[in-house]
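The two complexes that follow have subunit A in common; it is paired with subunit B in the first and with subunit C in the second.
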Partner chain A sequence: MQILNKNKLKAALNKLAETADVFVPAARGENSGFYSWKTFDQEKDELMLEALNVYLPPKNVLFPQTERMYSFQEEGSGVVIKESFEDSSPTVIFGARACDVAAIDCFDDVFLTRGYEDTFYKSRRDNTTIIANACYQPGPNCFCASMGVNPTDPATADIIIRDTGEDYVWEARTEKGTALTQKIADLLENKEVKIPELQAFSKNVEYDGVAAKLKGMFEHPIWDKLSEACQTCGICTYVCPSCYCFDIQVKSFGEEGYRFRCYDSCMYREYSQMAGGHNPREDAKERFRNRFLHKLEFFQERYGKPLCVGCGRCIVACPAGISITEIIKEIKEA
Partner chain B sequence: MKDISNKIKEIAKKLLENGQVDIFMAWEKGEYPFQTKPFFARNTEEADKIIFDEYSIHNLSNSLLKFRDRPEKIGIVVKGCDSRGIVRLLEDNQFQRERLYIVGVNCPGMKDPLKAMKNNSGFGKKTEEEDLADKCRNCMQPNPVIYDEILGDIQEAHLEGDRFARVKEIENMSPDERYSFFEESLSKCIRCYACRQVCVACNCRTCIFDETKPQWVGRESSSSDNMMYHLVRASHMAGRCVECGECERVCPVNIPLMLINRKLIKDVDQFFGPYEAGMEYIEGAIPPLSVYRENDPDDFI
Partner chain C sequence: MHQCNCENPLLPTIVEVVDIKDETSDVKSFYVKSEEGVPFNVMPGQLAMVSLIPVGEGMFSVSWQEEQEYLQFAIKRVGLMTDELHKIEVGQKIGVRGPYGNGFPVEDCQGKDMLFIAGGIGLAPLRSFIKYCFKHREDYGKIQILYGSRSYDDLCFKDELFEKWPQEKDTEVYVTIDNAEEGWDGHVGFVPSYLEELNPNPAGKIAVTCGPPIMIKFVLQALEKMGYSDEQVITTLEMRMKCGIGKCGRCNIGSQYICLDGPVFNLAQLRELPPEW
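So, the complex of A and B:
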């Protein structure tokens, strides 16, 4: 099998970075997320390939928090579009975990299927190669396997790397993956190594049947109780790799300006505010319910899978200690 | 603390049983030993779950806002910082004193469940275990300032040195240095607005950041919009922030919100004080910067 010795990792990243913007999991100050290798500070930043995962998911690579769409200018009595900002620069996501890859699959469903193609997303996605880092030691908040994700074999990754201690087993899965592999071919070696065994999950949840059950639970009193502690702070939606809601806004300066989109969150009151003043989700309960129904029922109905990939980030980050696995359990018991 | 926890439980049961309150706000245990989370008990059976331990850091006073337009009578447990939040709500006319039964706890200092969760998660780098949460290491008022009943022994302030030390450092920077410091630190803000949502002083019914006509602050996560957000948030806190530290504690990307808040606390104290917000509740008292006078000597804000 092909392997990349860990001593050659930085050389490989440098090589890949010659022709693409490579995003790596790293700790930067007190934070961690996927940062461009170009901006990686060898002294201050720390590669996090060996950590379980990083706190902020790689979703910003394909779906930036703020993304310019097009600029416009007033001309005569009308407006003309000056420039459209579709980004087709080659990009690599290096070392995403299976849950985060599965979340990108959800984005693909939303932005590319059902007769609607988001060209901004598509142009990024087509030019992005995903190198997944297989997981063998799930953390205390991981429950991806319960949500239908295989931690050691993210199906849609272009390349899978497997950490054996000294080396990464390197396995190209797609044409894109093979093309990228060729770029670092001289850094790879052939060697038989032992692939680690997947350790048991400490967190498991029974998701089967939840979507069907939720169908009849819109008015269930359980939502009052479950949502009580929630402060609708929105952190869960921002750290979630699969939350994709956005808003389209405009910035204008005199006779010109641009449109951009930015993350939005169903946890905000303004999110469901309507032009006439009515808000169908005025209270925390309604917003909270929407988040879980979207993740566990609506998405399942539309795309045949939940919109939760079991990464556990929301559980770790919620100031009110709200846990989606506990909620799934409560729904089952209700 | 076990003792206090049991007493709180008893009080909650008594109040719920004799109908003195409809809801009793305290904490319960979450999934992990270090996870203590807000809990609202509605009957004596539920009250059995109530707990007070070294992780009961979450300021519950903000949760009262969920009930501001409703009739329920509410029992609530407050530490020193939380109690100043109650004063904030009373002074801002967001809650009526008669609707509250306040159980104060003289606070020995707390640990932060969010930090512990993060450290236990495998996400990113581990930080050192701390005996006292950041916010408690700068706490000047661990003893509740308003209550109907008080538990625990009076505590000394937990201040470790001058709580304005870092503010002074920043004040002494050159304007350029200062600008790049803030540009650097605020560039990380993901604009989730969690710092607003958890803040007891952020009690406006329609927040300026949610206004769309006109939109006062842009929604881009860019250096200029981020700075605008933080400038507006901070100035709205002038004379109102009760230093509970929740904003900084929950911020998912560690923005130094307390540094900004403390600068304003220091300035308000210096220019309009002596004043510390939320230190006592006097009915009808009007805190600095909350007065509107037509003959104000300054003609702008």
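So, the complex of A and C:
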């Protein structure tokens, strides 16, 4: 098998960064997430290839927090669209975990299927190569296996690396992965190493049957109880690798400007507020219920899988201590 | 149905506003045209995103497509973006993108008597179906239109309502306003109660309704009482929309996106959804 010795990791990242923008899991100040190797500060930043999980998922790579869509220019009563900003620069996500790769699968379902392709997403996606880092020692808040994700074998990754202690086993899975592997071929060695065994999860939840059960629970009093502590701050949606809701806004200065999209959150009142005054999800409870039903029932109905990949980030981030695994348990028991 | 006629479905086509007509004191009709004629073809009940490019976008039902001549949008002034839209003048260039959504089941309704029930600006989406029926008159049976607004001024499309439509073959038009006012000798009262008075027989009929949520609620109750089955009742829903293509998330009711799977549903389909409409 092909392996990359950990001593050559930085050399490999440097090499990959010659032809692509490479995003790596890293700690930066108080925060952690996926940052560009170009801006990586060797003194202050810290690679976090072992972390489960970094605070922010890699979703910003394929779906930036704010993204320009097109620019325009006014001319009297006329207006012209100047440029549309599909980004096709080569990009690599290095060290994404299986949960985050599964979340990208969900994004692919949303942005690339059901009648329309979102060209902004597609352009980034087509030009991004995913190098996944298989998990063998689940973290304290990980429950991906409960949500149907295989932590050691993220199916749609282009390359899978497996941490054996001193080395990474390096396995290209797709054409994109093979092409990228060639760029660092001289850093790889052939060696037989032992692949670790998957350790037990400390967090488990029984998702089977939840979507079907929820179908009859829209008016259930449980939502009052579950949502009571929620402050509708939206952090859970921000840190979630599979939350994709966006807003479209405009920035104008003088005669020109651009339209852009940015993350939105179903937890906010404005999200579904109509211009005429009506809001179908006026109360926190209604918004909270919609979020969890979307994750556990609606997405399952529409795309055949839940919109939660068990990364545990929202459990860590929620200031109110709300946990999706506890919610699933309560639904099961209700 | 969900085919896009541009490469990037979120990019508007620039069109010119070739005419603006006051419908009421807060509703204006905008007639738009691209260099080729219409920017895209629309079926009755489909939506389009109207974009006052430097200001904002809003999703509206297309109230009519006249061949390859123009698209018409009847738009009520209800907020920031529509306020600005109401200030523009003929000759202004704006953006449109679409068409979005399923539209009315015009083919499934062939051979049926049609009952249209609308309140306020709710006539704008129904009008595309009404005019479609007139254009394909032989495909549809008797046509009944019941329309109400707060006052006489608030009635949209008055020339059609009082002049053109009543003269169409086998067509009845019933108009009501909420409160009596000077000069009005027509019916006074709310749409649902007028509907109960008229008591149109459900046999062979399809009822299509649109209006304020409270009106729809009572109209649906009245229709049920009169014996209309859930499959005979069609409505078109409104939700806040941004993308129009089932991606941005916000217009969902249950697992359905109103911009993509709707906005038109029959009552049987609606009863499958959570009661957020």
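For the reader, a short list of remarks on this structure follows.
Rule of thumb we're sticking to: the second predicted complex is superposed on the first by the 333 of 334 C-alpha atoms of A that agree within 3 Å, B and C clash if a C-alpha of one lies under 4 Å from a C-alpha of the other, contacts with A are read in each partner's own complex, and residues count from 1 in each chain.
Simple rule for what comes next: a contact is a pair of C-beta atoms (placed from the backbone, for glycine too) under 8 Å apart; a residue touches a chain by one contact, two chains touch by 3 or more.
Everything numeric in this text was worked out from a predicted model, so none of it was measured.
Once the complexes are laid over each other on subunit A, subunit B and subunit C both fit without any clash. Shared-chain residue A:S84: touches subunit C; no touch with subunit B.
Of the two partner chains, subunit B and subunit C are each touched by A:D247. In the overlay built on the shared chain, the residue A:T39 is in contact with neither subunit B nor subunit C. In the superposed pair of complexes, A:Q182 makes contact with neither subunit B nor subunit C.
Touch criterion met: A:E301 reaches subunit C, while subunit B stays clear of it. With both structures placed on the common chain, the touch criterion links A:T19 to neither subunit B nor subunit C. By the touch criterion defined above, A:N7 lies against neither subunit B nor subunit C after alignment on the C-alpha atoms of chain A.
Of the two partner chains placed by superposition, A:Q199 touches none, neither subunit B nor subunit C. Once you line the two complexes up on chain A, you'll see the smallest CA to CA distance from subunit B to subunit C is 5 Å. Of the residues of subunit A, those at positions 247, 273 touch subunit B in one of the two structures and subunit C in the other.
Subunit C contributes residues 2-4, 7-12, 14, 53-58, 76, 78-82, 89, 91-95, 213, 238-240, 242-243, 245-255, 260, 274-277 to its touches with subunit A in the complex. On subunit B, the positions that touch subunit A within their shared complex are 30-32, 35-40, 58, 62-63, 66, 113-114, 117-118, 120-125, 127, 188, 190-194, 197-198, 210, 212, 215, 218-222, 246, 249-250, 252-254. Subunit A meets subunit B in the complex at residues 27, 29-32, 46, 48, 51-56, 65-66, 139-141, 228-229, 231-235, 237-239, 247, 249, 251, 260, 262-263, 265, 268-270, 273, 283-284, 312-313, 315-317, 319-323, 326. In the complex of the two chains, the subunit A residues touching subunit C come out as 69-70, 72, 74, 77-81, 84, 86, 110-111, 114-120, 218-219, 244-248, 250, 252, 257, 259, 261, 264, 266, 271-278, 280-281, 286, 290, 293-294, 297-299, 301-302.
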